[in-house]
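Have a look at the structure that comes next, please.
In this document, chain identifiers A, B, C, D and E correspond to the written order of the chains, with residue numbering beginning at 1 in each.
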């Protein structure tokens, strides 16, 4: 039973890989190396290190360590700011009135064009990179939180008002739990976006990290290296997402149960 | 304590309340009956400050209701939407008690006691979606009673429970309201219930609602499910209310449209 | 037509139905009464094929229920959640009629007729959130009746309407069911109602539910709100059911646990 | 002018393709193309040239391979790199731009402790594209000054971001071109070295290139392109004024700036030996592993 | 009411612009390297009469509109399918989660090889990247549909597809719409990014590339401002549509738009 479940979850991966392998071998396009070559190159780049480092090469540590730290910092920051601001805006139509156009202005400006601003304002590159990440990923969190906050069941809110809940109680006991599923959708979107923005930020900052590696691979036409970076990104995305879903399952247990049919 | 004067409310151009006046003294339990869709819930929402009526006045303790009054509890008609699905029954009941300045332990005790009173001692740790309709309704009654408001508004609070439970709950509400001197407005469709529970019964007309009759019950203080219901006065009053609800005019003429 | 045999259902380890057997002949109207939280809604959901019971069997027209049976209509206890807020009352009623292969015009006519029958001719273009609780409940009754199912399941369908409307609706259901030969399972908390409406009354015990009694009503075909309720047989049966619901054992002993 | 009259006569000369999509970069390098379009040289050959902006050489190679461009401007360093790595097979059909004094320089900010090229050791240097001619020549200059450049001291920054990055201390030096040299100079920035001196003097920078496949498929159209562009190239090479007039039309460099900025040279022939210098430098500095046969990458203009 | 909203919005934007100007004026940002807000605004105004920019803007708009339409057409059904069929969602999830974090800088070179036409390329990039918010929001919205609403229709004998289209989709629609609004913003960014990265003959991104070559920061950021304004307008339009379609949703909730 469990085996069947597990197979049901992963069968698509080998199938895709095999098709991709066949297609790329047939096409012989240098830009599309076969996955086998990509994997071999990845092993060389990142997994041929000493056993003491879990086989990770120095390069792997260089590439992933700072990147992951930036990623989590950026995502966490965006989550805190996005959820807080989203709730504030969702609760106050007045505040929403002031900020709405700014928000939609901000989220339609391509982040790379704003980087000069961040750089000019923040000088140091790590805060500037974090700002880039936060600025790039905060929008789904913000908009989903606003939506979630605005659309709490009216009777839930009325009950809270009747019993004279304080603002904090209203927030923590009613609005946040009710908006949680939507907030989580935003956080999940933002997690993958964070990876993307991390790459962009690293490219723009021109320092180390996976993004920098991707860029140099592109600049030197090392397509296998580039694909290796993409695969790592994809794997990271998958892992982060799986961890996220695990957390979500815990936090939203009530919700899943309340919404179960049969 | 509660003075509703000439209350008028329209949803858009659709007039729902057309000059309703009801008075409730401190500690009085007033039942409101009336045809479905006549505007009872609208009346209750106006008193609770949840909607701003188009016209007329609601005073609570002499003060006009311009926001949600203090010390108020409401049992909504749509009870299932007023419980928080992310909290157990006990927590749903305990949450408002923070207002009462009780610590966690005391809140929990009070919640358990209230749940016990409505016969849900076993279900304290259940979530709303693990409960039957009647159980959810009882949780919301327990929440209101545990809160010990000075003004209690109930919108068909016993609609989803069986006859036995209903009687128990009627007696419970009578007891708790009397003991704590709560002023209560109770909307019901059950004519027997209105006469059994109420100090006064207000009958509303078909939409747009006006007060068809405001009848004092006057069956004395103590009530008993069997004995009271067999009293002549009870049977007569019940018939009278029944006739009024069906659209006839009052024979007793007492207090109508004061 | 409907055969429920030894139905058992547990939510997790919590046993709710403990071997319930109910039979309903073609065109029969069976009322189910029982304490709040005993498992009536669970029973209804099993018959509707919405949950897969832990044990026992439900046969409809001789066929086991393994998915939602054809030609079924349900009035849910939580009627407000079962109406679609993005549709007017008329559209809510008309929607299921698509299954009947009616064209738009005919659907609309059937919906209007059904709404008229439940006294909502004026509210056809209202959205559910523009209607009172009782009105919403009536829309969902209208929807079920307009569908003309061969099996009709109703879970406390008249809980939110006033006495007069309730009586009208009882008579409506009796008329429509008889006219179209619908087999009906009606869950109610009103003991009078169960005796007045039912061909048989099934009383369930406190949780876990078993059948405490299965009483044939036998008041003849025609019912009248005033006359029937004054019949001796009615009063006796009502008292009997009342006693059973309160937990006593049956005196008549007829048909109990067949 | 008279181009209209000639166009009809030559349109029937059997071109395989009369519309060419040509990638350009809005920099002085592509001035001749603009001139050729404006003066109707292409039309005279029966060609319609549709210019398309590309962000850089890497994109140009992709677009050539993907078929959305027929010919593109491309820096030699980038294209040689692509060819060496097997990304595709390319052919240059015309030279476009070469180094000239003052057009490619390394700059630092006013109060920078960096005084000479040797001081650049271990310092971060911004280049517009990694592994580009800027970086290559910077490495060459550093080697001349006796220090070795490392890969990680180069970071990629778009030209417009360079002035701020330099000022903020994100980078210690930048390898710039006009008009950014002027901007930085105005802010007090200093030029450390002209990248195009010594071993890199007069180094070819960019030319027009296509893929082998396109070149063999449309030989006549390419030849026509070469002829038309060649005419413009000759004009431009002789008269800087023409460039100054043309620049504001396809870039956002205004006339005033155009008049003062340092420009490169516009070579009129595609010289194998000159290009070989680029390939050799790339080999020397490890950009490419193999000896590159530059000859095979050149499609000389028809002797006309 | 509506006027008050517009006024507040204008006040908010004005406040921001003023603050940005002050930051420039006080020298917190060196205006030699970054133009002041007033200069950017002047640049933005200049663009309005710049025929070339108007052509570019129209091209970007077309790519955006087409891209967003196609995105909705692809992502909503995909989200519905994934949300309605958990086993399929589980099977596809690794692939989706693998693809989601691939950045546009990597996607665009790929797309260049596949799509020769610049419009197709931009549309494809938009569809790829802007689909995710719609897909994810649709999946979450479907999880949030009241089971009783679905059971009601099922009990009347409607099949899963009918239930999906007649109950689940309308219930989920408001949150899907929010996803579409997120996607609309993402799409603006992607159109411009694709133009910046892949080039082309017309588009706001092309204009920015050209402006960059002349170090016209004011024009670059002015163009970016127009892209942003474009986001504001599209959002306003979408909200107006939502308000009409989802009145039923707003009255049931505390929504005060």
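The definition used in the following text is that a residue touches a chain if its C-beta (ideal position, glycine included) is under 8 Å from a C-beta of that chain, and two chains touch if they have at least 3 such contacts.
Source: prediction; values computed, not measured.
Peer 1: Using the contact definition given at the top, which chains are in touch with both subunit A and subunit C?
Peer 2: Joint contacts, listed by label: B, E.
Peer 1: Using the stated contact rule, I'd like to know whether D-E or A-B comes out ahead in C-beta pair count.
Peer 2: Result: the pair with more contacts is D-E.
Peer 1: Between subunit B and subunit E, what's the gap in Å when you average each chain's C-alpha atoms?
Peer 2: Taking the average C-alpha coordinate of subunit B and of subunit E, the gap between them is 49 Å.
Peer 1: Give, as an integer number of Å, the spacing between the C-alpha centres of subunit D and subunit B.
Peer 2: Computed value for the inter-centroid distance: 84 Å.
Peer 1: Quick one: subunit A and subunit D, Cα centre-to-centre, how many Å?
Peer 2: Centres of subunit A and subunit D (C-alpha means) sit 38 Å apart.
Peer 1: In subunit B, what residues contact two or more other chains?
Peer 2: 78, 81
Peer 1: Enumerate the residues of subunit E that touch no fewer than two other chains.
Peer 2: Subunit E, residues with two or more chain partners: 30, 33-34, 109, 113, 146, 151, 196, 217, 220, 249, 251-252.
Peer 1: Using the touch rule from the top of the page, what residues of subunit A touch 2 or more other chains?
Peer 2: Each of 31, 116, 120, 153, 203, 215, 218, 255, 261 in subunit A touches at least two other chains.
Peer 1: Taking the touch rule as given, give the residues of subunit A at its contact with subunit E in the complex, in rising order.
Peer 2: 8-13, 16, 29, 31, 93-94, 97-102, 104-114, 116-117, 120-121, 139-140, 143-144, 147, 150-154, 157, 181-182, 184-185, 188-189, 192-193, 195-196, 199-200, 203, 214-215, 218, 226, 229-230, 233-238, 241-242, 255-256, 259-261
Peer 1: What residues of subunit A sit close enough to touch subunit B in their complex?
Peer 2: Against subunit B, the touching part of subunit A is residues 153, 155-156, 158-159, 161-166, 169, 173-174, 177-178, 254-255, 257-258.
Peer 1: In the complex formed with subunit A, which residues of subunit D make contact?
Peer 2: Residues 58, 62, 65, 81-82, 84-88, 126, 129-132, 151-152, 155-157, 160-161, 164-165, 168-170.
Peer 1: Touching residues of subunit E toward subunit C in the complex: what are they?
Peer 2: 146, 148-149, 151-158, 166-167, 170, 246, 248-249, 251-252
Peer 1: Under the stated contact criterion, what part of subunit B meets subunit C in this complex?
Peer 2: Touch residues, subunit B against subunit C: 11, 33-41, 77-78, 80-81, 123, 130-135, 138, 155-156, 159-166, 189-191, 242, 245-247.
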